[in-house]
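One chain, subunit A, links the two complexes that follow: it is found with subunit B in the first and with subunit C in the second.
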Partner chain A sequence: MTALRNIRPTTAGIVLAAAALLGLWPLLPAWAAHTAAVSLGGGLVALGLMILIRFGLVSFGQGLFFAIGGYAAALANQFLGITDMLVLSVAGIAAAGMIAWALGYIVRGHRGIFFAMLNLAFSMILFGILAKTVALGSTDGFSVGVPTLLGVAPGPEAGRLTFVLFGFIVISSALVAWMVDRILASPVGYAGQGVRENELRLRYLGVSARGAVHLAYIMAAKLAALGGVFTVLLIGHVTPEDTAYWTKSGEFVFVAILGGAGNVAAPFIAQTVFELVRTFALQYVPEAWQMLLGITLLLVILFLPGGLWSLVDRLRGRDA
Partner chain B sequence: MMALAAIVVDSLVYASWLFIVSIGLTLIFGVMNVLNVAHGSLYALGAYTAAWGVGMYVGGAPDAGFVLLAIMLVAAIVVGVLVGILIERGVLRWVYGRDEIVIVLATYAVFLVLEDVMKLIFGPESYIAFQPRFLFGTVSVAGIPYVGYDLLLVPLVALIGVGIWAAIHRTRPGKLLIAVIHDREIASALGINVARFFTVTFLCGAILGALGGALSAPLISVVPGIGVELIVLAFAVVVIGGLGSVEGAAIGALLVGLGRTAAVFFRPELELFVVFVVMTVVLAVRPEGLFGKPQTRRI
Partner chain C sequence: MPEALLETRGLGKTFGAVVAAEDVSVSVAAGEIVGVIGANGAGKTTFCNMVTGYLTPDQGRILFRGADITGCTVGEATAAGIHRSFQIPQLFPGLTVYENLLLSVGVFGHRRPPWWRPLVRPETQQEARRVMEQYRIADSAETRVDRLPQGVRKLLDIAMAMVGGPAMILLDEPTSGISTEEKFDVMGNVIDALRSSGATVLFVEHDMDVVGRYADRVIAFREGRVLADGAPREVLENPAVIEHVVGRRPPRPTDA
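Right after this comes the complex of A and B.
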């Protein structure tokens, strides 16, 4: 219902937000631009989880695809000498898409805790492989060069986050968010509601629940991989612990729940809140950062089951 | 021959350890359908408290004997009861009846909070409580010397496992518990206090989790992050055997123990993820685990 009503405002909102970020670039201090870009990267992963949540599924191993994207880009950069961010992004998405397609045949029949656990197991296997592969730097990981775009290379004095990279991340995130919004409002999106509420009835309607889950799983994987590519390009380094370990997957779940599944903007808002709070918490109360996360998660579960976005819906309901 | 004996003994010791650190998790899930991520915190808290208690006592009495074991046991019970009540009465009872996965997230939130609480209480430094480990000297098996404490884990854990099984299948409260497991509503209609069974089960599971930590304290150095590592391992063990099955947890522990020991002996680089390979295969082929029962589908 809300999705139908929201289509046009959401599209407008995405365009406005992207334009605002691009226009604000000269005014943004370096840390703010970095936070915004990192939030878009993480937000993409949470957006993928949001699609799964619409299907009634939660993956405790989305770090798997985040790592695949990040490592695919880093490897292509390190061993093939590719520096173009567009090519690196496509490489990450393609790698994750293929692996998700294959794994999808296994996970699409699983629901609830088993879906979450199976993905956790997948991601921990990848973590084990990455941490033990000396050629990939084991637990230390390895660095990634400064990316270019269509032959435009940043000057030697420019930092890692150039306007080109920033603009690329903002525009591709906006495009992806728009696409996901349209997909969620399509029959595939509504199949998600069917899977969540009553799978058997969905099948009586002639819709393949497993097929729809498989599709959503691949979409979520590609989003996570793109988020991984962006994050690695921004940070310039990739390690198994910061990508594939289960605590990272837990963070993404936290963000997805915090935002709620109401709108494609929700994961990005939640990720921004997460990054900002982390920046300040690590500076002022580093020993209570996880406690803050835990208490927030509890409060959201108990009092705001629809996440932050339900506040927006509530506000709008009052205005109308 | 010696290698074979070593693998068998190592596997048994490691499997016993796995069983004791994951049995609380499966017990709570079997009765309450709660996959308790905070189990990792209970383990870590048990380990910290036991290591701290042993350290305090040894500081005053250099040749402390079996009192150390009593200290560890008391530490586990105190932690399990206090934290268990806090989690069950303070958090879980508000989310009973919500989606399984929401309950997992709630316990994950508790886990995050407890991670920092532990850092605040015990600080970032490591606690080492090796003394209890040398109470029983060394025992030689097939020519290889083993630490007595490690070997004693095997019968101790077997005793705990049989005790739990007997408590469920051979006592009146156990039979009532089975009724609660099968159908909460009918059980409560028959006059069984389901809420109290939940609280008591959670407390037992919490004590077992803390006991796992306390018994591990002499084996490891207790540092921040041990709960993070343990919980995924415990997940693997209980998922392999079938969530909620005590026999399953034993089989899962044996399988993982054997797999990991074999990996350590033959291909050390596989050690980290052999556990999760087994978990993946079992989940993919038999999601309900080797010992779980397939769930009936409700329309």
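Right after this comes the complex of A and C.
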């Protein structure tokens, strides 16, 4: 796969997708709207992983930043009384950004399995802390109120997923995807390919490979945190198990591989497929859910190593 | 003698019991083309590694344009204007020749590459194409690098090293892996390109005919030490050099 070829502007596609989702709102049944919004949240985490994959890296601990985002928003809501979803999102991103900046000094010197497992280690530590902290509800976590936006508060009858929250998630996700798309096409994105392909040459081009990895790590962390904020606002509750537990991190890697690194849309599509399959599997064949995941992963690795997105490339007549 | 562009003073480096450099003091003037010779393991690559910041010398100083750059990083040496090519080409193997140059041109010199503007712009594309033409590798533009013949890889490696217009370039065995018939053609073209860019050149070479033809000056290494340093004819006819470098040169058909 010549990944450089896949860097193309997708502005039009992103705008169309966002407009379509917003336009469909009145027609979508509640479960479908919820699935779409949850998939955007999880897709953001996978999108961050996709940046790392472009750098030839993978993190088995993105649940760390997913949890940091989710808990930061939940804490700001419960203990500071902040309800504005924009402010809560910024809080989640800022918290994850600072922690990733600090941890980045440790991880940026590592590659391959060590990079992946260091992050797993961090996430397990956070899980342990959260599960032991009684003030945060330990393993039961705690609840989050219904968010508002710029003073617009939903009526009491509206339920959790209001049009305001849905629209906020759709528009922010689109904006973020657009930014990531541009970043991948910028010198930073290409430096990532340099890290993956030959770090020594990159250094001799005057680029700090560690600096580039550090930057990518922070970006991926912020994306995971925003995904965490959205998810917590949608669910209305935060627990260590649903955010920082290692199986959650594994799910994100699963989704990132399922989608492939070909396009910023891929992680969102893959997350949607994942959510839909899970919903139906849990309903009809609950005991076979893990097996289904395993088989899907096997098939993707064997027959679609470029992920679901390589199907799109194939349809367009490009070699993946 | 004109003022030295690069000067080393008493460089020393050991790897365990192996002495890779000992008391290496050389000086290269701006505009010179210096050939470096020496048997396998004489310390030629180690010299390049130290000058470009890849290795820190155990002893001695490195001066570039009069400034002490001892202990600087690869990135800092690159920024100062010292670039290099490699004995084993260091390319981006999964990308094509054109993409290798596009990436090199686009990221060059950014310690922290910018993230707000696209890398592929008319200027970067033009520059990548120009470099391909200059080093006569445009025919392979769309070929993935891991499928290239060794000769083209060597050229691409040099072309990538020249991105950013260095003041000084170190070529580590530019003609290794290139057939004897093609060597002069390739080296002639490379030297022309380097000269027209105004770079000062230091090249490591095992083929004494190539050295005699292109070097203004020759430095011979033996077991980490400078054995001889002077005009090509003088050095190449020096009995010690003939004994330890030229005469004992093993056949190296495909050594990278």
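Keep in mind that, in the parts below, the second predicted complex is superposed on the first by the 308 of 320 C-alpha atoms of A that agree within 3 Å, B and C clash if a C-alpha of one lies under 4 Å from a C-alpha of the other, contacts with A are read in each partner's own complex, and residues count from 1 in each chain.
Heads up, the rule we're going with is that a contact is a pair of C-beta atoms (placed from the backbone, for glycine too) under 8 Å apart; a residue touches a chain by one contact, two chains touch by 3 or more.
Bear in mind the structure is a predicted one, so any value in this text is a computation, not a measurement.
In the three-chain model built by superposing on subunit A, subunit B and subunit C fit together without any clash. Of the two partner chains, subunit B is the only one that A:Q290 touches; subunit C does not reach it.
With both complexes placed on chain A, subunit A has more residues touched by B than by the other of subunit B and subunit C.
Within the superposed three-chain model, A:L120 lies in touch with subunit B and out of touch with subunit C [touch as defined at top]. Contacts of A:P187 after superposition on the shared chain: subunit C is touched, whereas subunit B is not. Judged by the touch definition given at the top, the superposed model places A:L215 against subunit C, while subunit B stays out of reach. In the superposition on chain A, A:R203 makes contact with subunit C only, while subunit B stays out of contact range. Once the two complexes are overlaid on the shared chain, A:T139 sits clear of subunit B and of subunit C alike. Across the overlaid complexes, the C-alpha centre of subunit A sees subunit B and subunit C at an angle of 80°, to the nearest 10.
When both complexes are overlaid on chain A, the residue A:L298 reaches subunit B alone and has no touch with subunit C. Least inter-chain distance for subunit B and subunit C in the combined superposition, rounded to the nearest angstrom, is 7, based on C-alpha atoms. Within subunit A, the residues touching subunit B in one complex and subunit C in the other are 198, 200.
Across the complex, subunit A meets subunit B through its residues 58, 60, 106, 109-110, 112-114, 116-118, 120-122, 124-125, 127-129, 131-132, 198, 200, 246-247, 250, 253, 257, 287-291, 293-295, 297-298, 301-302, 305. The touching residues of subunit B, when paired with subunit A in their complex, are 35, 91, 94-95, 99-102, 104-106, 108-117, 119-120, 228, 232, 235-236, 239, 243, 269-270, 272-273, 276-277, 279-280, 283-284, 287, 297, 299. By the touch rule above, subunit C contacts subunit A in their complex via residues 52, 73-75, 78-79, 83-84, 90-96, 99, 102-104, 106-120, 144, 160-161, 163-164.
The residues of subunit A lying in touch with subunit C in their complex are 1-4, 7, 182-183, 185-191, 193-194, 196-198, 200-208, 211-212, 215.
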